[in-house]
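Okay, got some structures for you below.
After this come two complexes, each holding chain A, first together with chain B and then together with chain C.
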Partner chain A sequence: MNISKMYPKPHPQTAGRVIDGEAVLILADSSEVNVLNQVGSRIFELANGNNSVEEISETIAGEYEISREQADADVREFLLQLVDQSVIILDEKEEDE
Partner chain B sequence: MTGQAVDVNTNSYNDIVRRTRDEHRLFSVHWEITYRCNEKCTHCYLDVLPPGAKVPGELSTEEAKRVIDELAELGALTLSFSGGEVFLRKDIFEISRYARMKGFAVRYFTNGIMIKPQIADKIAVVKPVVVELSVYGADAKTHDGITQVPGSYDLTIRAVKLLLERNVRCLIKTPLMKENIHQIDALKELASDLGITFKYDLTVTPKHTGDLSPLRHRPSDDQLLDFLRERISAETFTPYPYNENARFCSIGMNSFDLGPYGDVYTCVGARITAGNVRQMSMAEIWDKSPVWSETSSLTMGNLPVCSTCELRQFCVRCHGTAACEDGDLLGCSSIAYREARLRRKAYLDNGGH
Partner chain C sequence: MTDERTNRKRLTLNIAGFCVLLETDDELVGNRIRSRYQDFLSTDESPHISIEINVIPEVLYIEPKPGPWIIEAEFEDDRLTFQSYLERGEVDFATGRGYLDMAPEARIENYLRAVFAWLCVKNNAVLLHAAGVIRNGLGYVFFGPSGAGKTTTSRIAARSSDVVSDDLVVIRIENGASILYGVPFRGEMSDAPRANQNAPLQAIFRIRQDTDHFLEPISTVTAVADLVASSPFVVRELSLTDLLVDVCDSVVRSVPVMTLHFKRDDGFWKVIDEHFEDVPKAASADSG
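Up next, the complex of A and B:
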């Protein structure tokens, strides 16, 4: 699936906040409390419905000084894991301001 | 690069919660969304109102949503809806769903007696982290005697079952009183049979109005000593080491209590008012009220009586109870002192030294 033009945003039933750069999530189905690692937290923070997947990759590539190709692959893989865990959903359109 | 997507790291979570305490960042809110209740519990710390009472002062749905927006802006994560009885608010699901949409983890504290299949369905849609149901006895006679509502035990247990059928996580909790402390094993068994967690506490406090009448329901010294002797020994209990920086709770640090009329209190126990959301923004209350620093400085070393008390290694006090029952936020809590005395006796009786 090509998700690069999609806009990830938090799943409405996942409770989560980014606190000091670390995303604390409470998963809706299990009520488990989880904490994302540093890069994951940054991606979760950017997944706010206003940034497309490719825009998130671009930001991550810049901030972590990795190649765009690597960022594309890692961000995509990571976001799809979050989709599987109902942490985020992928929207076709950008969030209305 | 990103590693495992979701890092199940309890230490990391605890670190974050600790940091929110240390840095005075809001993390959790206990919201008494109504003082109306359909039970009349003998020991209740609130002066509850009848279920059908007209309460024009309660925050409206729109005001509640604004509060949620402001709490989200402050970074709070958990929101516990309590009462009174939360499900007497006709808009509770609209408010809850809004809170979930804003990224909050929602808890409900309820007696459960309004939870019929249709309500249970709605709760399941909200996907709360947990529904905590108050059970006051291991049988209908004990429970209904405390709630003063015949049939309430059966309705509460039915609620647990309806929620579990819908995969909603539940627990039951019991304040131990002279009427039910002898049933603790039966209560544990009840929870075990239902497949859920059981919590208890020994806290029976004055009413928030200062009325001391609930205190007559506290366990007697003999009851409490028997209870503690079964749980405390040299093997199972280590007297608390003295630390002048130790706190008894996180009052003033990363949480507060919000009342139905918009008053923000330091906590449920110590109802020190920080402001009202109708007069100030939540950020102003959280950032500017002096009560947070005043209460978060309540360390062992700053409590003149406690810091030199012979029982300090056995004592767990509630500042609010000290203020409400004994008249001094910084002074000795007589009920905590009694429990500490009995805790030490149980410890010494069971091989401690």
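Up next, the complex of A and C:
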């Protein structure tokens, strides 16, 4: 699936909070609470409906000094995992301001 | 207290400083509540919530079927709706009033747990699925998933300390410090006391049964996540999660939270005592 032009945003039943650089994710439907590592937390923070997947990859590549190709692959894989876990959803349109 | 004009029972429960007035015309239910929660009855006349209990014979709200015990509790716009097999009720937290309709043989405890979970999180406190112990004037909390050993820890701890609960405790932030409060709710330990006691919290332990006793550090964010996950009822309500995370974050920043690996004997106290003996020494060495 080509998701690079899609806009990830938190699932309506998920709440997230970044503490000391790491995100606590609360999945209300299942009462699960998970913690993301620092890179995962940064991606989750950027997945706010205002950044496309390719924009998130670009930011991660710049901040973590990795190649754009590597960032593309890692960000996509991670976002699809979050979609599977109902942490985020992928929207075709940017979030309204 | 009984209103002599109406014969209505008025009982105020004070749990961790949060007061809930229960009113019922049913003498048997009133007496049962008085007996079960006697150590937590209060004369406070300005309760946070007033609840009218209506006893309805032969009522059944959910048809029993095999599987986990069903408790439906939802919070929306400061309103709790609650339903189980023999009880159904609501609380409007904005007006401070609620009701519980129940069969004569029903228990009000699960409904009260949901009410107090909300009261806590809205007032800088958290109701935690955990065992609580007071030892030498200090509070210790042991938490973990079902089967982790809360009841086992409570039974062992009861030999040398006061168990305030083997199932649920309240931790309340007061002037930046965490205070452990006992609650009248208990779990599998049928002889567990329902101690209306409180103490400054010394530490919180995520428990893990093992072949030896030792402590393992937990990161702040993991500790917050674990406490949030151990908060019954409110963890499922997204409108409360910001408050819940705030309270758990405050708790974690006020006391140490560690993983306690333990085997089934009281040797874990030695490990805990040694840890806290070492902390002041280390601080003193640093300052010198």
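We adopt the following convention: the second predicted complex is superposed on the first by the 96 of 97 C-alpha atoms of A that agree within 3 Å, B and C clash if a C-alpha of one lies under 4 Å from a C-alpha of the other, contacts with A are read in each partner's own complex, and residues count from 1 in each chain.
We adopt the following convention: contacts are C-beta pairs under 8 Å (C-beta built on N, C-alpha and C of every residue); 3 or more make two chains touch, one makes a residue touch a chain.
Remember, it's a predicted structure, so these values are computed and weren't measured experimentally.
Enquirer: Could you look at A:Y64 and tell me whether it touches chain B, chain C, both or neither (first, second, both, neither)?
Expert: First partner only.
Enquirer: Could you tell me if A:S31 is touching chain B, chain C, both of them or neither one (first, second, both, neither)?
Expert: Both partners.
Enquirer: Taking the superposition as given, does A:I43 touch the first partner, chain B, the second, chain C, both, or neither?
Expert: Touch partner of A:I43: chain B, not chain C.
Enquirer: Give the label of whichever partner, chain B or chain C, reaches more residues of chain A.
Expert: If we count touched residues of chain A for both partners, the winner is B.
Enquirer: Which chain A residues are contacted by chain C in one complex and by chain B in the other?
Expert: Dual-contact residues (chain A): 13, 15, 17, 19-20, 22, 24, 26, 28-29, 31-35.
Enquirer: Would you tell me which residues of chain A are touching chain B in their complex?
Expert: So the residues of chain A touching chain B come out as 10, 12-17, 19-20, 22, 24-29, 31-37, 39-40, 43, 64, 66, 70-71, 74-75, 77-78, 81-82, 85, 87.
Enquirer: Mind pulling up the chain A residues that touch chain C in the complex?
Expert: 13, 15, 17, 19-20, 22, 24, 26, 28-29, 31-35
Enquirer: So in the complex, which bits of chain B are touching chain A?
Expert: Residue positions touching the partner: 1-10, 12-13, 16, 19-20, 25, 27, 75-78, 100-101, 103-106, 127, 129-130, 169.
Enquirer: Which stretch or stretches of chain C touch chain A in the complex?
Expert: So the residues of chain C touching chain A come out as 219-222, 224-226, 228-229, 235-238, 241-242, 245, 249.
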